[in-house]
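Same chain, two partners: chain A is paired with chain B first, then with chain C.
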Partner chain A sequence: MAPRVAIIGLASDFGCQVQVTNMEDHLLDVLGLMDLSYWQLASSGHLPDEYDVAVIEGAVTTADHAEALLKARETAAVVIAIGSCAITGGIPALAGTADYDARYGVVYGDGVAVARGRQLPAPVSSVIEVDYHVPGCPIDPAEFVTVLSRAIMGLKDDMPRDPMCAICKTQENVCFLDRGRACLGLVTRTGCTAKCVTLGRPCTGCRGISPEANIPAARLVYAEKGLDPLELDRLFDLYNAAREVVV
Partner chain B sequence: MSTLTVEHVARIEGHGTITVEMESGVVSDVRMDVIEAARFFESMVVGRRFDEVSLITSRICGICSPNHALTSLKAVEAAFGIEVSERTELLRKLFVYGSYLQNHATHLYVFAAPDFVGLPSVFPLAQTHPDIVERALRIKKTGNDLTTLIGGRPVHPITAVVGGFSAEPSASDLRAMAVRLEALVADTVATAELFQSFEVPSFETSGEMLALVDDDDYAIYDGETAALDAGWRRPAAEYRQFIAETVVGHSNAKHSTVAGRTFMVGSLPRINLSSDRLMPRAAKTLATLGIAAPSRNTFLNNVCQAVELVDAAERCAMYIDRLLGVGGSTAPQPFTIKAGSGAAASEAPRGTLYHAYSIDDDGIVVAGDVITPTAQNLGNLEADMRAYAPTIAHLPKDEFILSMEKLVRAYDPCLSCSVH
Partner chain C sequence: MFFRVIDKERLPDLVTGLSTEYEVIAPVEKDGRFVYAPVVDPGDVRLDYDTTLLPPKKWFFPAEETLMRFRVADNEVLDDEVFAAPRVLFGLHPCDINALLLMDNVFTGRYADPYYMRRREQTLLIGVSCSPSDTCFCNVWDTNEVHWGFDVFLTDMGDRYFASCRTVKGAEILDRFVENRTVTDEDTREFQRVVHDFKDAFDRSVDTTQLPVLLDAKFDSPIWDEFGEKCLSCGACSMVCPTCYCFDVHDRLEPDQKSGVRVRTWDSCQFKEFAAVAHGQNFRDTRASRVKYRYYHKQWGYLSKFERVLCVGCGRCARACPAGINPVNVIEALQTGEVR
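The block that comes next holds the complex of A and B.
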């Protein structure tokens, strides 16, 4: 029997869900792998009481999100987090600084109370255990299919571990750091084919930190290249503001 | 008193709930509760560097990310006084149309069409009407491929930077894309015919209609803001002087008014204001289908999106021809980082999108402001819902709900955008 899959969106731009629809050539084949129980973006219907796989997009930014996650973990045998928002807190976590409540005033003034139940933006793993991860902003649909297939077959989560630099070298890109421009390839988890650098833009760290990354050493490289070592941390905040900072 | 709610309305981008209050069978209140979480983008960009703004604001919306990226780049360029090359402008226009093809095709076929054929989603149509699903995927894929060719991927462009592009597609890839786009015209005309064949109520909105206009072009990338009823045209960068935003208690998205009236933005207002600027096949399609612009029927926004698909396929092929003939470069030219403020607008698929930023001497953002199309539409959508609900209150509950959802989807709301 095909596993029953529910796709659940928290605080996000829906970009990763859109990426799932963006594999036009394979979309129907992929949907054939599963019994799609709930997908608000693409289908009418309510979140059912029972399903096997929860695919979670978005960061946790409200009490309702946290509650929805606890319910999903209780219901589903497998939880897959997709995208930076869900995995690292992503762009929403950029707002999660000490003055978080002051941001309400910047946007809404002192008028009517909306955005109720808001809490500091955080990754899904801050609330429940996550079994599988599809990193990136946005996700690569092919990687989503691979991870979904692994989850359905019961294989272990197999996120690439190396920093992005390794794959970038194989693309024969000219190194930004060698040209005195900040790039986060040194510390960011690989798996993306170094597309941004190939297209003329430095890595922005959207896939999160590589478990092999050596942050203090990377800061030294920045200093060697004539860059402010703390620029590495400032840039890495873009998608990883909710991380534990390495001193 | 009874309350009818449709929680997490399906097949729209973002989370919203329709609430209808009835008193002894008479509709007493109707609301669109936007429960989508606030992410505080306008505060988020503060303290970040000018060249990170488009990376951040692109993430307001995963469906129309190219439009947010480009509009924020234009606002930053306005703050610095940067003029981009003709080549960059052409490539950006093509980029916007890639987004149109993808967005309109997704809305029409994935979000809206199931309502008219009595299905929960488009997927079962793959068995019963494979030709329609294949056509939908062809249009959507062409849009995504065009966006990818220019921006590096369909969602969240890589190459769009302040002053131009960090990389450019090859002439041969562009030529191949032009051939595909010309071939796509037939699919887009068939889409317009399909949506015109769906019966819609003869409902008229009472709101104003706003869109960008341009004397020489169907205004998408740039233009002045025009008001259909009031008859004025104003510089779009002055949007804060004519659009008023208010916080409403039941929605995380603010509501907008112009001269005290709610208003609509999107394909219907654009066609109402610029039907004489459509490409020939698009103009012919509009005429053949018997759509007389200006129209006030909100439900016609769907078929107007389809007419814009025809226009996009035709126009992109023309833009590619022009791009291949024009020289110059899309590489950013050197510019000076200086303190200043800039505002800009463009037509995103769902309507006019405004971005404004103030930047300090070091290139750090000190203030940001974004008004999205759906935020502009929400007040008018609610007014339409309040006017429409009593006229269908006699229908069985399921039909009543479906009719209300059809009205909501006609606006193609993007609630992530509306809250941001």
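The block that comes next holds the complex of A and C.
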């Protein structure tokens, strides 16, 4: 029997769910692998009481989100986090880099409660254990399919761990650091074939900080290349502002 | 060996002629640096290049290649053919030809690799003389000279090239595609002068006396920890190295899960998982140990097997390493006990 899959969105722009619909060539193949019980973006139904795989997009920003995650963890045998928001806190976590309450007030007005139990934006892993990860902003649909099929087959999560420079070299890109421009590739989790650098933009770290990153050494590299060593830390804020709580 | 002389202004004819029967790969400019890429217009070929971002190994052992396709239902192999078009690699420097000879020891030896072999057999190599760059140190290993492994080697003599044909095929393509003449005594004298000047120009000094002994004596040196602190574990050094041959193999299923591909990708000994084995054991758990074993393999392990170090001094790692770790400063640090 095909596993029952629920796709649940928290705080995000739903871009990763859109990416799944973007894979026209393979969408039917992928849908054929599962019994899609609930897809927040593409259906008007309600989250069912039972399903096997929870696919979570978005950061945790309210108590409702946290509750939904606990329920999903209890219900599903497998939890897959997709996208930067879910995995590192992503862009939503940027809100926590200064006085969060003050920022909230600027956007929504003082004393206005638009969400019950709002909290500092945080990754899914700060609330529940995550079994599989599809990092990136947005996700690469092909990677989503690979991870989903690994989950369905019961293979272990195989999220790449190493920094990005190696794959960037294979694309024969001229290094941004050598041109005196800040790039996060040297500390960012690989697996995206260095698409941004290949297209002429430095890496912004959307796949999260590599668990093998040598951050003190990377700061020294920045200094050596004539950049401010702390620029590295500032650049992290875009996608990795909640780096202290990423599990 | 046959020798011919080609007027410099006639050289584009060779590229044009070869293009009628081969895919011609040559150094071309990319964002202010150089890459080996297919060329059609001989005007794109840049024989004044210093070095390329990736070495020529990618044309024999690509960064990613499909080894076979398979069907899931019955585990049947559907396709493991190696297709290799006739190709000419044009404009290789001596270091890169020497590097291919070192790769051959691994890929065409006891466990010959059919994918590498097939491409190697289908590819002609045309070398060209070079001049020292800021980062190369080929003279340290004597790899700025190449005696075999090429079909034709072109030595730049100002207005003409002295063409050494190492293979019959090499002499044939010259005779077929470019106007050339036999060598005169004056050409030979000029050749002798040019190659001596060339060797004199390489003056990078690194003391490699009894290097394996030095490595053994310094096995527990704290300098490895210092390099470990600098290393980013990014693997850039291995990717750009013309003699790094380690790879990983993965099976990937197609989205319909009915068939899949077995893929080979370049790997790096600087990645933590490189030496991870079952049960979570890892023989190279620390950055320091990974940097150390990179050098032990290159300057000791390979040497003990093939009587050459696994380095040709091309200097690509020196350019690519964000942290500035390279064989020259590692060897110097071992000698002085100080990381510069």
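Please note the rule applied: the second predicted complex is superposed on the first by the 237 of 247 C-alpha atoms of A that agree within 3 Å, B and C clash if a C-alpha of one lies under 4 Å from a C-alpha of the other, contacts with A are read in each partner's own complex, and residues count from 1 in each chain.
Simple rule for what comes next: contacts are C-beta pairs under 8 Å (C-beta built on N, C-alpha and C of every residue); 3 or more make two chains touch, one makes a residue touch a chain.
Please read these numbers as outputs of a predicted model, since none were measured by experiment.
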Room on chain A for both chain B and chain C (clash or fit): fit
Contacts of A:Ile8 with chain B and chain C, given as first, second, both or neither: neither
Touching partner for A:Lys169 - first (chain B), second (chain C), both, neither: second
Winner by number of chain A residues touched, once chain B and chain C are compared: B
Which of chain B and chain C A:Met34 touches, first, second, both or neither: neither
Which superposed partner A:Thr61 touches (first chain B, second chain C, both, neither): first
Contacts of A:Ser43 with chain B and chain C, given as first, second, both or neither: first
Chain A-centred angle between chain C and chain B, computed on Cα centres after superposition, in steps of 10 °: 110
Touching partner for A:Ile87 - first (chain B), second (chain C), both, neither: neither
Touching partner for A:Leu199 - first (chain B), second (chain C), both, neither: first
Nearest Cα pair across chain B and chain C, whole Å: 12
Those residues of chain A which chain B touches in one complex and chain C touches in the other: none
In the complex with chain B, residue positions of chain A that touch it: 9-19, 21-22, 24-25, 27-28, 31, 36, 39-45, 58, 61-62, 64-65, 90-92, 94-95, 102-104, 106-109, 111-115, 118, 121, 137-138, 195-196, 198-201, 204, 238
Of all residues in chain C, those that touch chain A in their complex: 30-33, 35, 53-54, 58, 63-64, 229-236, 238-240, 252-257, 266, 268, 271-273, 287, 319-320, 322-324
Residue ranges of chain B touching chain A (in the complex, touch as defined): 8, 10-11, 13-15, 35, 37-40, 42-44, 46, 48, 52, 55-56, 59-63, 65, 106, 110-111, 114, 120-123, 126, 133, 137, 140-141, 144, 152-156, 158-159, 161, 166-167, 246-252, 254, 416
Sites on chain A touched by chain C in the complex: 23, 26, 29-30, 32-33, 142, 145-146, 149, 161-166, 168-170, 172-175, 177-178, 186-187, 212-214, 216-218, 220-221, 224
